[in-house]
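Have a look at these structures, which come just after this line.
You will see chain A twice below: alongside chain B first, and alongside chain C after that.
== the complex of A and B ==
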């Protein structure tokens, strides 16, 4: 039995809610004001200045490109991993623990760790040289190797943030009742049929949830890029950071904050619309 | 090929796959740790894939000369303040979501889930202007206040699922025997929820410990560890830190996080799973 009461729950929630509202609302208002006024007058000068900067469009392009490459790969990879691990085998607990380790590793640390793998004197290059697959190191870093820097960021992000997707999908898998699967087996459905007709459809909410969490966090990608590529590969959060800390351009930095917030709201809204349609389908 | 060898081969392939996955996660951590303690001559020797001679010189220099020790101190202070504030605000809210039925509950739950994903780190950019006015810029309290905004939705979600796991009957029994509602919360529910709350505290700690964007923007001289590392390793001023310092830095950063999550791993699913009790 849960307790019914009139005002107590609201009173308990209010402080947390007010706190969050302030830390979301105040910066939004302040950013809008800083970005769209000059000397107290409404002005689009900052917007024009930002949009005229090629770095802005590069940053937008790279942020979306990184998300576009990383997020679907992570979901596919995590799905395979979760399906593989979701059975009884020796060492299951240890495997799951190891797979969740990167969840605790910050983006900065992950960038540094992957630098040790990919640098000219790093593990991968030395290993490949030793077994004779290459004659000279593969260079991942430096402005002239930008496409390799992109690859390095993708590798590091796949390593670091596939865990979150894995945990979400595994949780979803474990909620699928065994009875459905057994029933299907009785009627002669093989593994792939069961996967396609039962597991994946029931897993859809988890997959979508993972997709949106990863996509929204990918819009704020910062530390890993800053460590591995600096501004060779401009990204929205990185440009905002640079404008603010190096150039003290509060107005331009505010626009970057607004663009990221806007992208997140847009993607979030699309997602909720998507989810609702999905729920209706399930109910039918 | 008979049935039995086919089965054995399948098992072998499965374990090979699991082994590859585990190696993929673990090897980079081991390698960067080894390189963090390796002598430069080993690191730059193209024939030495695995270094053989080690030193703690670079970890020491990083800690004492380059300010990582101050960074650790600052990080711990910020994380502790973040835990204190986010628990003070989050526990009542989590309790309310778990134990009460009230109109608008689903909307509130949904907004908390949504706020978990809002780009609060980026919102630190406009926050700078307020912090300058309030003299909170470059203070640890200022960073902790922003980290609290980031951690609070998670704390509400975790605590609500913990409180939902504590049976209401026990609380009611306490009230029958003369405790007030508040008394039964402090004497019965809270002690039972303590292990879960400890895990939630560890998560909050790790979240604050790992956060770099807010900390780098809001501080200049009182940097937390990731912000300090970032300013040494990247950016306009110090992009040229020698490689072995980078690996030593990675080691210092990941050690506490991995240790904490080992103890709190049971609650990982609550934090990121889609179920919301």
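== the complex of A and C ==
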């Protein structure tokens, strides 16, 4: 059978297209329908109901605040780690291996690990009590200690998800040809100048993809918050889940899902627009 | 372009076709099994739905039943909403395929009020005595609409070390038996003693997002202080109750707002006194049966409010195999079977003979606490209201009140006045009496 060559690209994307149509397109249309209709009529009642709920604004605030603290810290940390590891030394492979272990741990498991470390009778408190630094356990959990819960979530997320950024940035670093750096050295550029003028610009594509991936995941943050803070710190995905499973408010839950999707799209677009990747070769 | 779109369309249709035909194929296999010669009865249950409980029903209970009677049972776990829809459809069209229903009291009560359930008064079960409270609730308008099958409740668990700090005038005996000295005020004093002695709050509640704190609020402390679950939601007594709870919360471990079940915090030693569902503290008692005591809840000014969860077995009107279904009811309520259910899935027996047959050990510890609670003379028994899909909104109102009054420190009177009408409206919308 002869297939017209102009069909081939379409045939090739067909499986992915069908997948997206069924698992993203259909639910998206369904969510839009559930969110914006009432008894078959277009209606903004659900939107008003959602926006009138103080939980929604708290969830939005905390989701953005968590992402705002976690994502930049992760990128900074991962950059330092990757630069430190990207040279020849004994035990390099082992170090990389150890640094990427948290990548394999689910967020719920990570939440439980950090919970048992930070709880009043947990490892950290026991240690501090034993060496006499404190004489009362530090409380990390509970509604009254929300700022500490926030800190616990940040710690757990940094530990768990920095490795994905690290892996991406390390891969980017290893792609940078030594010739550029050697040439800069010949012209007398010191380490910081080389880092600023060569390494970081060349890393931009990697940083961009790491940022996009991490920010999108940060918008969907759920398991770790649910374990460590319950609804003390409301987050968009958690509130959507609560509305759906506990209150059976499918319409309100759809709005939450759409807000997460909208935020992700917006932030993704912003990254692509404002972080134009630079390649030395094509610079004119 | 239109040809390309056409091609995509055809492929999508083929995919759709495959899925649809798959569904039809699935249906055919089920109709085949029901039309075979040997008797197969259909049992729809909203209980024992999680995978491991389902496996216990299918691999142990029903296997033994089939071996004894030669009757095959098709056990179908189902949600309450789906069960109600299916039963209504079948009863209205007269084509009933369900032989047996297992559901909570509230659901069965509703089905009975619609006239969808067989009156079981004429049938007899030998060699067992049902606990009278359950028997009473199963008889509605003079008809016995279901046979009580399993029960569950929520209790308090006390780490035995805490008994060293009892307030003056309260003995361990009072707490274990649930005498009239075991009050919410005594609990407050006890909790204060514990905090003073250990430096840390020792009381715990499952106030996390999946915890059952709302059951404590509407089924325990509300009836104890106001006499009712929802009727006096915004009464002056309720305001007093919220003030009490706010005071008590000073002695509650603050991490309670992140806990969904109290078994682990008890085992980790983070709290000495906890309240929770029996199934959710079972692991603590099983790990350390000598360290913990299961005790009745304290009483308030209006009595000792607690929730009884009862699951019953009912036969729908015009069921195809009522006699075979009755044989299954007979088997499921035998004392031996009831003990087996307790041992495997942690639901408590509804027949007296079974309570005596529980072997000593952790389950006996829990069973003794549960029995002591049920036997208290000042009991104000609460049944979980059956509001269907609105059930979530009912519990959410109590949780919201708790959050705003106890955690955020808002004025209790203003909050209950605001939420009270919402709670009562839920019952009015469902055409039910406010409990």
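Keep in mind that, in the parts below, the second predicted complex is superposed on the first by the 264 of 284 C-alpha atoms of A that agree within 3 Å, B and C clash if a C-alpha of one lies under 4 Å from a C-alpha of the other, contacts with A are read in each partner's own complex, and residues count from 1 in each chain.
Methods note: a residue touches a chain if its C-beta (ideal position, glycine included) is under 8 Å from a C-beta of that chain, and two chains touch if they have at least 3 such contacts.
Keep in mind the model is a prediction, meaning the values are calculated, not measured.
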| item | value |
| --- | --- |
| Contacts of A:226 with chain B and chain C, given as first, second, both or neither | both |
| First (chain B), second (chain C), both or neither touched by A:145 | second |
| Which superposed partner A:246 touches (first chain B, second chain C, both, neither) | both |
| Chain B versus chain C as contact partner of A:180, first or second or both or neither | neither |
| Contacts of A:10 with chain B and chain C, given as first, second, both or neither | both |
| Chain B versus chain C as contact partner of A:172, first or second or both or neither | first |
| Chain C versus chain B, contacts on chain A by residue | B |
| Which of chain B and chain C A:101 touches, first, second, both or neither | first |
| Partner chain in contact with A:119 - chain B first, chain C second, else both or neither | both |
| Residues of chain A at both interfaces, chain B in one complex, chain C in the other | 10, 17, 115, 119, 121, 137, 226-227, 230, 246 |
| Parts of chain C lying in touch with chain A, wherever the complex brings them together | 4, 7-8, 11-12, 15, 199-200, 207-209, 253-258, 260, 268-270, 389, 392-393, 395-396, 403, 407 |
| Interface residues, chain A side, partner chain C - complex | 7, 10, 14, 17-18, 21-22, 115, 119-121, 136-137, 139-145, 149, 226-232, 238, 242, 246-248 |
| Residues of chain A defined as touching chain B within the complex | 1-6, 8-10, 12-13, 15-17, 19-20, 23-24, 26-28, 30-31, 34, 81, 84-85, 89, 91, 95, 97-109, 112-117, 119, 121-123, 126-127, 129-130, 137, 159, 164, 167-168, 170-172, 175, 205-206, 209, 212-213, 216-217, 219-220, 222-223, 226-227, 230, 237, 240-241, 244-246, 250, 253-254, 256-257, 260-261, 264, 268 |
| Complex interface listing, chain B residues touching chain A | 14-15, 17-18, 21-22, 24-29, 31-32, 35-36, 43-44, 46-49, 88-90, 92-93, 95-97, 99-102, 105, 108, 111-112, 114-115, 117-130, 145-146, 148-149, 152-153, 156, 168, 172, 206, 209-213, 216-217, 226, 229-230, 233-236, 239, 243, 246-247, 249-250, 253-254, 257-258, 260-262, 265, 268-269, 272-275 |
